[in-house]
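Note that chain A is present in both complexes that follow, paired respectively with chain B and with chain C.
Up next, the complex of A and B:
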């Protein structure tokens, strides 16, 4: 919204007022103003929630109170368009004060430093290793890359923060990782920060290649649980470097209403490549990497549904998975199905899916939901309706059908990923809406 | 069996198990990174924070004296759907017409969503000779 208002103020040259909801308007008038637009845009705010309300409620917002300034909303709108500019609103040019972060923090006691790290929101509030220079230097020996190399400049949520190899090493130390983990963490850093949304966005991290065994990542029993050091510390490092590089702070620029417990570890596990059925390729080779390449793949989504109990002949597992997929948004056709090797074996031997790709295609052809269910989701409304309005099919046609019409929203089978992990204890699986990005080669960061 | 050999046979790096220096420090004296909790002794640690670039300041456009006889363009950002703000903007339209003489209003919906650019909509605002704009509603 701020970007739009800035565009109108500067390109059209007319006074503009933003109408935001009071759930995150303070982010717009503080953080976005300082680090993104540089423009003291004028705002009014209506109560949240806004959408899904009866007409009387939305009309009442117009005649009601401005949640930002306290007066009548429309008086705020008129004032924003007509009140003369203040001296502050006329300022142009480079900011007077650039923010500075020293390489070393001032010496202090451990207790005080821990309190500082908590106050700055640099940790996940679990016990951290304080990053002394000696520990960070030891971590840096895990890579050939120079400490001052910039991996990426993080701009998400506003501003520009250069993420260096040394800063990632600091996060790796804090998380309790070892130098051997560091190339994995650097590869992950290229994908930082983790998801940040008003809904409960989260990430999934999959390790593929020989490094899974070499560093003892868990792909067996309890692969997704708290039973393995490498899974724990590397997943945690992604959290800590996401928070530091993303400058993510609760209620300032991190505003997930419920949050997600997944963000403590980012669902990090290794694929059980040894127990894939014949013909089922590991995730990284599906993406075009060689089997011996070491690759980390990051997915982003919100929803994860776990199966319970063993498979039944009465109703095959892929039927249940398909049914669960109806609960996903199908945004970008994305889904990731994580299954135990026993499930993968069943799907191949009992149900004839010779490859992961065949199974993904079956899901694409058979997972249906009503048009009403599809369009009744806020993410789809915000992201897909614009495509429909531009005439892009099948979305344009789906907008015209009655709510009860069944549609097949997973239009792209290549966006439906299958990952095999687990200890062959139970025929269980997860259906998730995680959209997997292209994997990152860990070897490039050794 | 030698611990190092045993770990190697298991395919696990001994250094990996040793972990960071905090775990591997020598006994008998406080190793680098050992806990200083509760101590008055000071230590120096590295800063995880990254300096953020503050945006260059941009001034606002000049404001109007009043809204009488002005053209107000209301931009619907289609947040949570193009129809989500319809009731709100319709009510706002009524309010402007009730309170200002000769005011004109127009509602434009972005075809690219809040995260798009939609140059056609910017052109529409210019072509309508709008005097002011309202942008919303999003959260």
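Up next, the complex of A and C:
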């Protein structure tokens, strides 16, 4: 909103006032103003939530009180548009720089340093290894890349941060990783920071290739549980890395209303490549990598639904998965089905899915939901409606059908991924809405 | 007792901050650069290095042929919504590229684009500076390399060839689509 307001004022020359929700307006007034637009903007505020309310409620907001400044909202709008600039608003040029942290912190007690890291929100609030120079240097020996090499520039609210190999090593140490994990974490760093939304966005990380066995990533029993060091520390490193590199601070610029417990570990596991049915390729080879390549793949989503019990003959397993998929947003057709090798075998042997791709295509053709269910989701509203109104099919046509009309929202079968992991103890699976990005070759970071 | 071992040796993770405060968001300059390229297809000399050379380009002529043949093509305007509203290729949809924001923030929107059609991104810039990064991001999302391309010369080239446009800045009576 601030960007648009700035654009209207500077490019079109029209005085502008931003109408924000009262849950976020102070962030807009302060942080965005100082670090994002670089320009003072005027705001009024209405109560939250705004969307999903009866129109009478929204009308009440407009005729009601300005939650930021007091007084009637519309009077606030008129005042913001017409009153002369204050002295503070006439200040031009870039805002004063935020205080700069030194590369090396001054000496202090361990307790004080831990308190400092917590206060700065540089951790996940679990116990961290304090990143001494000695420990960080040891971590850096896990890669041939130089400490000052810039992996990427992370765009944060109001700026950009070059993310160096050394900074990733700091997070790796803090998470409890060992130098042999470091190339995996560096590859993950190319995908940092993790998702940050007002809803409970999270990530899923999949390890493929021989490195899974070499570093003892878990792809067997409890692959997705707290029973393996590599899964635990590498997943955690992505969290710490994302929080520090992405400048994510609770209530300042991290605004997930409920948050997500997935963000502690980012659902990191390895694919059980040894137990894939014949013809079912590992995730990384589906993406075009060689089987011997070591690859880490990061997905972004919100939802994971467990099968709870094992598969039954009464109702084929892929039917149940399809039914669960109806609960997903289908945003961008994204879904990732995580299944035990026994389920994969069942799908091939009992139901004839010779490849993962066949199964993905079946889901694309058979997972249906009502148009009302589809359009009733906030993510779909914000992401898809603008494109539908511009004529993009099939969304433009779906906007015109009655709410109860069944549609097939997973239009792109390539966005439906199948990953096999687990210990062959029970025929269980998860249906998730994680959209997988292209994998990153770990070997490039060794 | 002070942690002497840590003295002077603790690497503050927010040694990240200096860059964060020194690198303010740059104003989007695509409009200005595009103006300089209006005299030719792309305004570039043969020796000038093409940005994003690995991103495949498609000519305006090829896209026009595909549209006329009712081919499966989706055209995406990467300019901001105001510029899109003012003028865009007829039937193009708008997914803005903002250089101040990590392009991966657009993932949820980009994934809405169909997986079974040719997708052509364009910008109002001479060398596809804004459209080419979107093509790369589509690859990251799993779209096939030959399925996503950048329009060579962008909107300027399209306009030069007199191909159909839409938008509020067009003379009255010539607007192909109400905005």
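Note that in this section the second predicted complex is superposed on the first by the 437 of 446 C-alpha atoms of A that agree within 3 Å, B and C clash if a C-alpha of one lies under 4 Å from a C-alpha of the other, contacts with A are read in each partner's own complex, and residues count from 1 in each chain.
Just so it is clear, a residue touches a chain if its C-beta (ideal position, glycine included) is under 8 Å from a C-beta of that chain, and two chains touch if they have at least 3 such contacts.
Everything quoted here is computed from the prediction, not taken from an experiment.
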item	value
Which superposed partner A:446 touches (first chain B, second chain C, both, neither)	neither
First, second, both or neither for A:214, with chain B first and chain C second	first
Partner chain in contact with A:436 - chain B first, chain C second, else both or neither	second
Touching partner for A:383 - first (chain B), second (chain C), both, neither	both
Touching partner for A:136 - first (chain B), second (chain C), both, neither	both
Which of chain B and chain C A:178 touches, first, second, both or neither	first
First (chain B), second (chain C), both or neither touched by A:411	second
Touching partner for A:101 - first (chain B), second (chain C), both, neither	both
Which superposed partner A:170 touches (first chain B, second chain C, both, neither)	both
On chain A, positions contacted by chain B and by chain C	4, 7-8, 11-12, 36, 38, 94, 97-110, 113, 117, 120, 122, 130-134, 136, 154, 158-163, 166-167, 170-171, 174, 240, 244-245, 247, 383, 386, 390
In the complex with chain B, residue positions of chain A that touch it	1, 4-25, 34-42, 46, 48, 50-51, 55, 58-59, 61-63, 74, 77-78, 81-85, 89-95, 97-111, 113-114, 117, 120, 122, 129-136, 138-139, 154, 158-163, 166-167, 170-171, 173-174, 176-181, 198, 213-216, 230, 240, 244-245, 247, 375, 378, 381-383, 385-386, 389-390
Residue ranges of chain A touching chain C (in the complex, touch as defined)	3-4, 7-8, 11-12, 36, 38, 94, 97-110, 113, 117, 120, 122, 130-134, 136, 153-156, 158-163, 166-167, 170-171, 174, 191, 240, 244-245, 247, 287, 300, 331-334, 379, 383-384, 386-387, 390-393, 395, 411-415, 435-438
Touching residues on chain B, where the partner in the complex is chain A	11-13, 15-16, 18-22, 32-33, 35-67, 72, 75, 77-82, 84-85, 87-88, 91-92, 95, 99, 109-114, 116, 122, 125-126, 130-139
Chain A partner contacts - residues on chain C that touch it in the complex	1-25, 74, 80-82, 91-95, 98, 100-102, 104-105, 107-116, 139-143, 177
